[in-house]
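These notes are about the structure you will find just below.
Each chain carries a letter (A, B, C, D, E and F) given by its place in the written order, and its residues are counted from 1.
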Amino acid sequence: MDELVVFTGNAHPELARNVVDYLGTPLGKAEVFQFANENIFVRIMENVRSRDVFVIQPFASPVNQNVMELLIMLDALKRASAGRITAVIPYYAYGRSDRKDQPRVPITARLVADLLTVAGANRVLTVDLHAAQIQGFFNIPVDELTGLYLLAEYFWKKSFIDNLVVVAADIGISKRARDVAARLKAPLAIMEKNRSANDDRSQILMVIGDVAGKVALVIDDEISTAGTLVNNVNALISRGAKEVYFGSTHAIFSGPAMERIASSPVKEVVVTDSLPVNGKKKSEKVTVLSLSTLLGEAIKRIHTGQSVGELFNGGK
Amino acid sequence: MDELVVFTGNAHPELARNVVDYLGTPLGKAEVFQFANENIFVRIMENVRSRDVFVIQPFASPVNQNVMELLIMLDALKRASAGRITAVIPYYAYGRSDRKDQPRVPITARLVADLLTVAGANRVLTVDLHAAQIQGFFNIPVDELTGLYLLAEYFWKKSFIDNLVVVAADIGISKRARDVAARLKAPLAIMEKNRSANDDRSQILMVIGDVAGKVALVIDDEISTAGTLVNNVNALISRGAKEVYFGSTHAIFSGPAMERIASSPVKEVVVTDSLPVNGKKKSEKVTVLSLSTLLGEAIKRIHTGQSVGELFNGGK
Amino acid sequence: MDELVVFTGNAHPELARNVVDYLGTPLGKAEVFQFANENIFVRIMENVRSRDVFVIQPFASPVNQNVMELLIMLDALKRASAGRITAVIPYYAYGRSDRKDQPRVPITARLVADLLTVAGANRVLTVDLHAAQIQGFFNIPVDELTGLYLLAEYFWKKSFIDNLVVVAADIGISKRARDVAARLKAPLAIMEKNRSANDDRSQILMVIGDVAGKVALVIDDEISTAGTLVNNVNALISRGAKEVYFGSTHAIFSGPAMERIASSPVKEVVVTDSLPVNGKKKSEKVTVLSLSTLLGEAIKRIHTGQSVGELFNGGK
Amino acid sequence: MDELVVFTGNAHPELARNVVDYLGTPLGKAEVFQFANENIFVRIMENVRSRDVFVIQPFASPVNQNVMELLIMLDALKRASAGRITAVIPYYAYGRSDRKDQPRVPITARLVADLLTVAGANRVLTVDLHAAQIQGFFNIPVDELTGLYLLAEYFWKKSFIDNLVVVAADIGISKRARDVAARLKAPLAIMEKNRSANDDRSQILMVIGDVAGKVALVIDDEISTAGTLVNNVNALISRGAKEVYFGSTHAIFSGPAMERIASSPVKEVVVTDSLPVNGKKKSEKVTVLSLSTLLGEAIKRIHTGQSVGELFNGGK
Amino acid sequence: MDELVVFTGNAHPELARNVVDYLGTPLGKAEVFQFANENIFVRIMENVRSRDVFVIQPFASPVNQNVMELLIMLDALKRASAGRITAVIPYYAYGRSDRKDQPRVPITARLVADLLTVAGANRVLTVDLHAAQIQGFFNIPVDELTGLYLLAEYFWKKSFIDNLVVVAADIGISKRARDVAARLKAPLAIMEKNRSANDDRSQILMVIGDVAGKVALVIDDEISTAGTLVNNVNALISRGAKEVYFGSTHAIFSGPAMERIASSPVKEVVVTDSLPVNGKKKSEKVTVLSLSTLLGEAIKRIHTGQSVGELFNGGK
Amino acid sequence: MDELVVFTGNAHPELARNVVDYLGTPLGKAEVFQFANENIFVRIMENVRSRDVFVIQPFASPVNQNVMELLIMLDALKRASAGRITAVIPYYAYGRSDRKDQPRVPITARLVADLLTVAGANRVLTVDLHAAQIQGFFNIPVDELTGLYLLAEYFWKKSFIDNLVVVAADIGISKRARDVAARLKAPLAIMEKNRSANDDRSQILMVIGDVAGKVALVIDDEISTAGTLVNNVNALISRGAKEVYFGSTHAIFSGPAMERIASSPVKEVVVTDSLPVNGKKKSEKVTVLSLSTLLGEAIKRIHTGQSVGELFNGGK
């Protein structure tokens, strides 16, 4: 395989720069912008024939535009005779649309997998999919990394580690929360909410497991408006939790998220930079851990044909 | 769409006969058998040109042979110019192989979806997939029915209904167990087991939620060797459950399953006939509810272009 | 083919309502909106099994979101077992990205064709593609209507018809301008501009043909910021044109378009409603002709298996 | 192309070990087994990223399980980012299902080709397909070796070589029998049987050509229950053949095969190890020639980009 | 399925006219011709939306042009929204290129199957493929008719029927010759030729079976230059055959065929009109049987969803 | 990528020889010929496993046979395990069939793109497509070179360069003519013809722009019968052009082309050798510039992974 080139779209150039710094290569040169008529234009400014190309583009806000931007970059690279193209998507949006739980709804997570494939992706590198089954929506190889072990490592050093309970934010995240709990040698509790309608309003029904007198670390896969976060934290405190921390790989932080975090009794919210958080007016409670080393190392291993699974001990 | 024909392979002809009885049509004529060299032979014995064809074939034991048998039937029907072919798979094996949870494992549930599609299936009708995301492994329409509401209905009439707790057999089934609990107006508890290795041995870690003094109805998607069942029942009793019932859509009942059920303190095991149970030497504790009306009605609606989702109120 | 259902996304519901008024059917019921995390959600609210479904969705602003919205609607309809799905795209964005005129650029018009196909479109109905070759980007049937004959008809009744020269706004539109000129029995002139860079700035080089003393009707396929329009009109007046009219099928009217039209010496700008113009603060000089009858008739003919080509005498 | 790795499924590990001995490489490490619920589990235990991978798996008994096992291994290897995957299938079952000779039967040999391709095979290496046309069922490159030249070589050293007649076991094998006859400079005769029904019973009609007083070497592509063999041998002896030998690439040896061979007047039955014969209680009359050198050399040539056709002089 | 329309290309319009006469429908209107630059132009002159379309085009001389012509007609029909398209190919050229019998040769019969499919054929109707396995080169339904039973019927009425031997022209046709022999209650002999090089020269090696004193009917699938025919006839006469007849479904009759037939001792050559024979200066020895009833009836049955296999008793 | 091999079909071996001379490699050995039954036979006579293969085959006369020949060569190379296959098509016929400009016509340029892809081409190298959008008919990488800059260079040295007007032969070629005009620093005029019917007769309507007193260089993409050329030249002279030259990349020169050129007042006709001109009885007015250096350099750059776009300064 010929030499490595890493490109970025407009979704998260800062992350891409950190990744290429780790790799010790310059960022690939490309123009990616919108015309006045909103049509996205892409021009790859350097030769990519037979190169091993990676495009870093999490599905950050504006989500649909960033999806289209990635698709168009893939098309340009394919037509420019790139040797192999890996779509690096640290945050894969539409993950929650992964099944038909009502009649006549789409499975958009599968649709996006097909769009990426038809546009020209030869492989995908991603982080903490909403459901592990989304890997099976692809027929091209997918390497899925996790940011949760970074979070576990961060909390491992806390003084309250011996009084910790790990809490799954809902049933869907409970398997991953269990893995975090195992790493932190802490027990597990599960929040059971009921998101009945399509209107984003969620309702805590109960906490399954014991949290009274403990420091609770709630684990979720993404934080959007922080509505779920606030409800979870309040429910845990009303159930007797001493302090509540919140850990999540993906930080969308849309709408009132920052205000809600600031005014909620949550002690600290720990996320990764799979999405661009730093540009936003950040609450002091928010800690951002960087995925750039993890992504850079995975890219290096994919490029050189080394195992990516070995990145985790017994991991993915 | 031309007239309806329903065929069966060798996996579960009894179920197929019950379905066509509901539909009021004769079973389609076909030869499906193995030659001495184990090659499966299929011959469709009646004209299927432009017909709306359904093939009923759960992935019962012998699993791999029944998968191949269905694929070969699909090929024969496609080449015989069938108008539309629906694979009716009341039990979809390989559902637990739905993600890469270790390096270099297959996603066989996706593979089987691709095999069915390439062999000629135009659509799929199935019951209680191991994970709802498996729908997204297909790009042809999938109608997924549930047998759990049959179970809920069955238990609704029990005298102990007001003292019931519904227990998810593990985290993976907890969303569906929650739906059953909601139907039965009962609280929910969750068993958390840790199936660490690839050797079928499971280990109960804990019960999340309260079961003491209650009648427990454990919900799982399938019963294989009944090892999980026995462990679940014992754990619940040791946590103070008064009585334990077990409900599962799919009854594989392999190896020591029947003996284990007979000798375990479980009160009753309620399953459906998605797989052929009646042929086996059945414990008296086992109750089998029939899916034939549900499947027959779904086939009728698919054939006539009526909504299948309406089969459930607010359902799938 | 079963009964007809017409759906609309959020791109141009007014046009969809006018089309179903022509057809005498109600608009299909569907929820199409964004969650707080910008993920588009679609739910088809009525049974579409085996129905002949049309989705009306021009690629209006916000362009990329409307493209994604259509793709997701197609996926939902496909998985809901729609009988046949026609994507009705009165304005097909990205038409100018139809060839590699520089190294390492995409051919986004082809990419979008593939996206539509993989998402589930069985056929496409569109109006005045930027280049007729875009039809060949599809392998599913495409019916392309033209709005230019509506424009020709409109101008045919003008008093200055005998002193008219039709002017192609640039070389790319010159074949279609010639057809309009033929319909209006007027001579043809061609503007030759040089759009050297990727920055939307265009530069008039010359007018090929005679315009002095004549009423000029400039024909273009779309008006975006109206920069080209202003330059064309000024160049024609400086070359002695008595009056200048401008006709274009598609009216994007982005950014300063309305102000530029208002302050330019152009007499009248005639467009169609392939894109939603009425919602914008419209200059009095702008006349909007409706495509709803044309689209409605084409849909009726596609549904009933009648020729669409006959809609035009000797036409497409 | 990166380094070579050879894996085996459970169909014929002895052959795989002999092949890697020839190649001087260790066998690739993998777990391939069935769970209690008969679901096949595969885990590749070493890194295969960008490697040139070969999987040796003849379709031995249990046939359908071994087909599925290979498909699942291919899926695991594809998702593990193998560089190129060659399915090495020394015996390709279902070869007799290569055409529709009755209405509404499948063409399973084509179906299996499609299954292999969709599962992830990039190329196929096989031995003596039932019909050479099966190569055309694939759109990936197929290298077909022959074991018949090994057999010819073996008989070339026999004392009766000058009094030999080569006999095609039926019309289907007559072209290959002719090639063997040419190698052995012997005349050709043809058995014409009539396999009228689908029940494996075959009936000798006649011997076309002269066999009286000669040593007959019957050539077939596979021996299943040895029913055909016994009938052929008896018919030749009743037509005056002095002695009868039987040569066949593939030895299925199902059911009563060994007893039939032992009690029949056939002098010797010569086969290859394309299928595992040694594990069976073998008649003393059966001689097994090994394909491991031929397969090993072909794999080496495929890996290094040398001609495989040159393996035969003027051969395939 | 909507109404039936039958089109013809330029390969064999006479046959198409006879078929539509049988069906009682007019021939579909279309322009199909070459421009001066040899580009084939096709225009379908009547509406085909949702129609059930058949295109009759045997691969007659000029072969490659007629293949391209059919492909282009299929593309035009697909883009014109035909409901279903059946390619009716009474003679499928390139049938002898059905396997790799030397290194690095194509399998053109498979390639042509893929070309037809990608161009838009939904199904194929053909007559006497060179090898039945060619059906498996398609993944769309193929109906293969035979002209050999017409020939058998023709010879059944001959006075010499009781002294007949049916002779396979070579090993490849021997299975079909056996079927003809069975129909005529005659014994079978087989010619074994050796076509060593790629130069069309064939060499008779021997006749397997008895022909002395008998009337021989040689069966082949096609007659090209009649070189094989002449050799066969001479060999049979030198082996004592009283008279020799020759029957073949397909009559290419290229180059010196007619002269060779005229000057050879063959009594009569019976062929079908799968290819246009009548336009050529025909030897008096040549009898042409028409396939138009058989093809017409098959088209009718495909259109109305009746069994095509029933056309033959126990037939295909 | 392994070593380079260049093959030629029968369309233009002279060009292929010149290209390999530039590259300093021998021409790949292959047999490509027709049997008496017009079936094309291909045999690649040297090992191509994992090689980087190029096949040079312009769509010269006989067009359809040369298309089929290329497709069959691609199939043979694919099945022979070539590493990468580039179809080098210096003249792509059927380019004018690039859109549906009437009801129910094909888009043959797209069809041919699909045929090439399904036959096995991994990439395409071509020269001056009729419309640049044809690149988008492919989903494999296409490198399009231009011969027009060779022509521009040739005319740049002429004495009349300062009195030149470049004339587009019709509207379709006007963008490319403008580029030539820019290179030659000359003004542009455009011929507007009206090719109403499908009968090759074209009719000059008018010349848009000034040509009086100037030396005119007409630019077209191909010369077929030279009818357009004669009309263009006459029209320009009648409009006062002093002298007329004609430049075109592709020289089909069918039928009366040479006579027409000889007897027309055109001064010189300059073409390239994308098609074989030298074999024809050439008018003295015809100058042929060779593409072999350009093609050879492009092949070298594709093989070694260098930019092809850099071949032109600011070019394609």
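Basically, contacts are C-beta pairs under 8 Å (C-beta built on N, C-alpha and C of every residue); 3 or more make two chains touch, one makes a residue touch a chain.
As the structure is a prediction and not an experimental result, all values here were calculated from the model.
When the partners of chain D are compared with those of chain F, the chains appearing in both lists are A, E. Interface repeat of D-F: among A-B, E-F or A-F, the matching pair is A-F, sharing over half of the residue-numbered contact pairs.
Distance from the centre of chain C peaks at D, each centre being the average of the chain's Cα atoms. Centre-to-centre spacing of chain D and chain E amounts to 33 Å, using the average Cα coordinate of each chain. Distance from the chain B centre to the chain F centre is 61 Å, each centre being the mean of its Cα atoms.
If you average the CA atoms of chain B and of chain D, the two centres end up 38 Å from each other.
Residues of chain D found to touch two or more other chains are 79-80, 100, 102-104, 107, 110, 114, 135, 139, 142, 307-308, 310.
Of all possible chain pairings, those that touch are A-B, A-C, A-D, A-F, B-C, B-D, B-E, C-E, C-F, D-E, D-F, E-F. Remark: chain D residues 1, 123, 135, 139, 141-143, 301-302, 305-308, 310 touch chain F in the complex.
Residues of chain A touching chain C in their complex: 31, 35-45, 48, 61-65, 67-69, 71-73, 75-77, 79-80, 93-94, 96-97, 100, 102-108, 110-111, 114-115, 118-119, 198, 200, 222, 224-225, 252, 254-255.
Residues of chain F touching chain C in their complex: 98-104, 107, 109-110, 114, 131-137, 139, 142, 144, 171-172, 174-175, 178, 187-190, 192, 194, 206, 208-209, 307-310, 316. Chain E meets chain C in the complex at residues 2, 47, 49-51, 78-81, 83.
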